[in-house]
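What follows is a structure written as structure tokens; I'll ask about it next.
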Amino acid sequence: MSPWLLGPVQAALALLLAPGLVGAIRWMKARLQNRSGAPPWQPYLELRKLFAKEVVVSNNASWLFRAAPFIVFGSTVAVTLLVPLLAVPLPFEGAGDLLVVVYLLLLGTFFLALAGLDPGSPFGGMGASREMTVAALAEPTMALAIFALAWSAGSTNLGHIAARMLATPTEGLAPGHVLAFAAIFVVTLAETGRLPVDNPATHLELTMIHEAMVLEYSGRYLALIEWAAALKLLVFFTLLGNLFAPWGIAAALTPGALLWAVLTLALKLLALGGVVALVETHIAKLRLFRVPELLSASFILALLAVTASFLLR
Amino acid sequence: MSPELVSQLSVGGSTLVLLAGLAMLWRRGVRAHIGAFTAQSVALAATTAMVGWFTGDWQLWAVAALLLLIKGVGIPILLERMARRFGTERELEPYVNTATSLLVGGLLVLLAYLVTARLVSVSQLPTRTGMPLAMGLVFVSLFVIISRKKALTQVLGFLMLENAVALLAVLGTHGIPIIVEIGVFLDVALGFIVMQVFVYQIHETFESIDVEQLNRLRE
Amino acid sequence: MGLLSKILRTGIVTEPLGTGDSEVVHLVREVDAEARRLFGRALGIREVDAGSCNGCEIEITGLMSPVYDSERFGFHFVASPRHADLLLVTGPVTRNMEVPLRKTYDATPDPKLVVAVGDCARTCGVFAGSYAVAGSVDSVIPVDVFVDGCPPEPTHILRGILTALQSGRA
Amino acid sequence: MRALFLLLIAGYASGAAAALALGSGALSRWASALGAIVGASAGLALAAGVCIRGAAFSLDAPGFFGPVGGMAFTLDPLGAVFLALTSLVAAPSALYGAGYARLWEGRPALRQVGFMLNVFLLTMSLVPLAGGTLTFLLVWEGMSLSSYFLVMTESDEPEVVSAGQWYLAMTQIGLACLLGSFLLLQSGGPGGFSALRAAALTLPPGTRDAVFALALIGFGSKAGLIPLHVWLPRAHPAAPSHVSALMSGAMIKMGIYGLLRVSLDLLGGGPAWWGGLVLALGAVSALLGVLYALMEHDLKSLLAYHSVENIGLITMGVGAGLLFGSLQMPAAATLALVAALYHTINHAVFKGLLFLGAGAVLHATGMRDMNRLGGLIRGMPWTAALFLVGSAAISGLPPLNGFVSEWLLFQSLLPGIGAPSPLVAVLMVLSLGMLALTAGLCAACFVKAFGITFLAIPRSPEAAAAHEASWSMRAGMVVLAVACLALSIGAFEIVPRLSSFVAPLVGVAGPAPAFSVVLALQTPGGFARMSPSLVAAGLALVVLTAWLAVKAFASRRPVRVGETWGCGRVVQTPRMEYTATAFAEPLRRIFAAVYRPSEDVSVDFHPDSRYFVQSISYHSAIVPWFERYLYAPVISRIRSWSERVLALQSGSAHAYLTYLVLALVLLLGWLVVTGQP
């Protein structure tokens, strides 16, 4: 299989897995609440339904409201072309590094927030304001964690980082890495709207962050946005799984290796999903103005990660 | 164990010890603070044991055991009793708010890294890599003492300071003679008891262990 | 950790689909089949309290409880009518809720169903003739199914939703 | 070359002359704009020539200003970059201005602006061309004064006057520092830069430090580094919009140019603390700039604070370059300087675009207060789309140019951790964190700026009645928007050139570090690779595919237009929307420690019972702390002194005669004491 073909394959696989990941987390949460819960493939059914439904658009909304879902979805899919989902070296190694991934995700957030403001609904504005606040406060943590990773790997290119980790597995246990992992995990919770930052299952407008921005969306537009959100979660999990523990990722593009890579990837995603489900069962949502405390704690983790990599250089 | 592994482990261990200290700045509840202190003492004991294993020095093993016994078990029990006695008074209004405290903590760690840089560069021990973090914990626990209001929290700050010094000694000099260590323990125990008495007194007098109340003694 | 052990000790309390032949079980089997057929087994429900005494709300909350757990049929309550396929309306429509109810109905994209829950929804119950009451639900928006009872049990509400699904205006 | 140079001067001069000659009608508008465009195109061609050839162009004119030693012009690649970006903003702004100036028709203001704008552009284009101290200071002051007059265009409004005073004061303080700096640098001689370069090596370290410090203050006040930035948020809103675009896009960059020229070229770099200081100043400016921008709801003041922020980012690059240069890390230094230069160019383009957009809004609604705007995307679709492009670019979003230079900036800080001294490493880590926070907050701020201004329901009748800008204004903006995309996609062509320009400045022997492989940027040593063009292509492809797929497979039901969902509330009014202030409220609470907002709530109760509240009035203001603690005391001190001096002016002729006699006596006495004839 030619490396250029790998990109589309990765994107297709990510699109395929993402709703299942969300469904799996919901299922595990249901089980932890002693319910039998919806089956893990429920999100697929919901996407199918939404694509079939009518679209209602606010009379105050402009063309931006209709364009935003495609940009949000597109930018997230573009990220899946860059992250090491299945194999290193990556198909588009030279196209973008870890920073580009962060900026592409920011692009999606930016347009989603604008779309939230567009219909002029108070909830949309509230959601947009909060989403941008959280996103902005999460940036420093992400930057420093990337800093720590890149320094020990000698590059910010995702492929290099994963390959380096494969070459020297002991690196994975270095304190710098563990701390960076913890920091990025907290950022993942914040950026993908999970507890304790945002409650993905909330019905109360005043506590919403992500939901509040998409209250106006319906039908296929909503489907695109929900799919993009699931995809974003998958991207962050992939970064956590394949940058810090890239075992099982294919080094050569043989069918066997790729199959094994898919299998291990699925296992990693499930494991991380289980952790998230446990966390969400255990802790309550933070007040909005306690969120900065959480993020500054994660910033401290990232800072210590960098310091540790200073000390061990 | 290879020196590289040792230096990694000492960084890891002291990171855990430091994180427990920073947790004091993050969490509000007294119980959480006590838990953080316990975890810190255990991590400290583990680090000491690791160094002992590396150097093959039985005294360090003994010190580790003492740490585990006194600070990992004994003092936490006493603290729990105090907490139960006073009800769980939370650090609702520290002098510095939580987010800022955390950032200050981070800066203090960087400062410690700067001041210990030369020290680390001259030392030859593989465990030297952890020293900046231990020094960082010294600063952080001092910050805890000055920025928090509840007497109990300040006691914890003092105890963490002592942990930090012990860690510094273990990493910097591969441990001090056990006699000295025992002496230090006695000091700590004594100081702790004295402070306990003080805290009880404060509580008797003001029905609260908020040291702000002490201002009322002026008039 | 205490929480985890409790979770493990409690186990799954949802009424199983497979065993037993209580009414609920039969019902949920049918509901499952119908939901699968009509809305691709994914039904977004928007609950509108048009002025009820909240008795019906308590029963509706029961639907989401671990025992009935209607999420297993792909039902879930949504935060906005834009996301909804079915409106669950309770209570007599008060004058203040008349316009909001109509707006909610307009805001819901097609195909959509309306299930009116409780006696008040059909007859305005004890509130009938009050100066504050605009009328029954079907005097404001088209209703597919009425669920009687004051308040109706969760099973009846489930049956109502089922009937609405079968009525197949969707 | 020489011809282009003369054409540049001729173009601007003819534009100025036309404005004076042709009165204040449509003809003069277009003539002066045409002159400016000709001059700008000539400048662009000249710069391009120098950049491509890589050889400097120089021309001495001892004829002009004989008494002060004649004018000397040279244009090396570094200067060419700045000439290029100036001309790049100048041409579209002039075109835009031609349309914008219609509102002054029949008023002297038109003539004044037409003339001053051309003088401003001419002097500003000559700054990077200046080859000697005197020439430099002459054109520099020309630039400052002409821009001052442009700021004062609407001089019948009080806040414009006060803005002008602030601006004049800051520029003159800056000029004083520059004079001092150059005097220290120039030990006699004609003061050609080449001579200074040679002389600087022999200067004692103390003098070099003094030269650097004075230059930093002088150029920093022009660039708008905190705390010398106070004039920007005042002057930019006061000036006509295309002038603000030029000042913010091009003029403040001359401060960066001067800093680079003096510290790197003339002084040839210095001790590490220079770089550290500049880096720290840049980081602080960036963060505080964006934080205060978030609190603004005046569209143009918001953009002005973002200029402070971006100058901060550029300065971080410059500082890192100086620092690495002094640490003997030439590759890293080159990368940092390239990042700085590239961000300078990019900021010129997108900030110019944004100011022109804000001008179009002001032109259409007569308002700058975002809390009264909104819904403009219907009235003025072109302006909205173009402003959106600018917002995405300044937020560093792919695939636009801001993203490329911010990426380079991040990459240029990463090598810092490898620096020998731990202090440098810590400095780098901290500034990296601040850079990231700045980037995030900038995105948040432009969601606010665009979303509140252009989206949702109009908040005032003026906003509802907004009309689209005239074609020339739109054309000016379109040019800049296209440049935003081109500068991103063409980065792999431009960046290597920049590196070859700056590499000699930081003492890279031989070829400059490689910066690009096919279509992609690569940092020296292959630390990281990124390809803006591929990212752009990928994004376009994916979005298009998604659109087609949805078209093909999703339901074909027609889109129904309904009311905005507001939990069934009866009617939605603009008062229910989020305002700019509300949008920034969370950040304001989070960073309250920085803002120290003053808040007073006054509740007046019903006369009969305190249980009935009649009205609650809440007022809150944010005074930047450096203005409260730094400028206010100084100003009050000066005022008290001047009042004391006023006491001398008693008005009686005798008193004045006494002063004269006293002065004479003192003078004579001094001569006697010093024993001179």
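Note that the chains are named A, B, C and D in the order they appear, and that numbering of residues resets to 1 at the start of each chain.
One rule holds for everything that comes next: contacts are C-beta pairs under 8 Å (C-beta built on N, C-alpha and C of every residue); 3 or more make two chains touch, one makes a residue touch a chain.
In this text the structure is predicted, and so the values were computed from the model without any measurement.
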Contact-richer chain pair (by C-beta pairs counted) among A-B and A-D: A-D
Most central chain, Cα average position: A
Centroid spacing, where centroids are CA-atom means, of chain A and chain D in whole angstrom: 36
Chain centre separation in whole Å, for chain C relative to chain A (CA means): 34
Centre-of-Cα separation between chain C and chain B, whole angstrom: 56
Chain A residues counted as touching two or more neighbouring chains: 52-56, 205, 215-216, 219, 292, 299, 303, 310
Touching two or more other chains - residues of chain D: 422, 429, 557, 560, 562-563, 565, 567, 590
Where chain C touches two or more other chains, by residue: 80, 82, 107, 109-110
Which chain pairs touch, all of them: A-B, A-C, A-D, B-D, C-D
Footprint of chain D on chain C - complex, ascending: 80-82, 97, 99-101, 103-104, 106-107, 109-110
Of all residues in chain B, those that touch chain A in their complex: 5, 7-8, 11-12, 15, 18-19, 22, 26, 98-99, 102-103, 105-106, 109-110, 113, 120, 129-130, 132-133
Complex interface listing, chain A residues touching chain D: 11, 51-64, 70-71, 73-75, 77-78, 81, 92-97, 99-100, 103-104, 106-107, 109-110, 113-114, 117-126, 128-130, 132-133, 135-140, 142-144, 147, 150-151, 154-157, 205, 215-216, 219-220, 223-224, 288-289, 292, 299, 303, 306, 309-310, 313
Contact footprint of chain B on chain A as seen in their complex: 170, 173-175, 178-179, 292-293, 296-297, 299-300, 303-304, 307-308, 310-312
Residues of chain D defined as touching chain C within the complex: 557, 560, 562-563, 565, 567-570
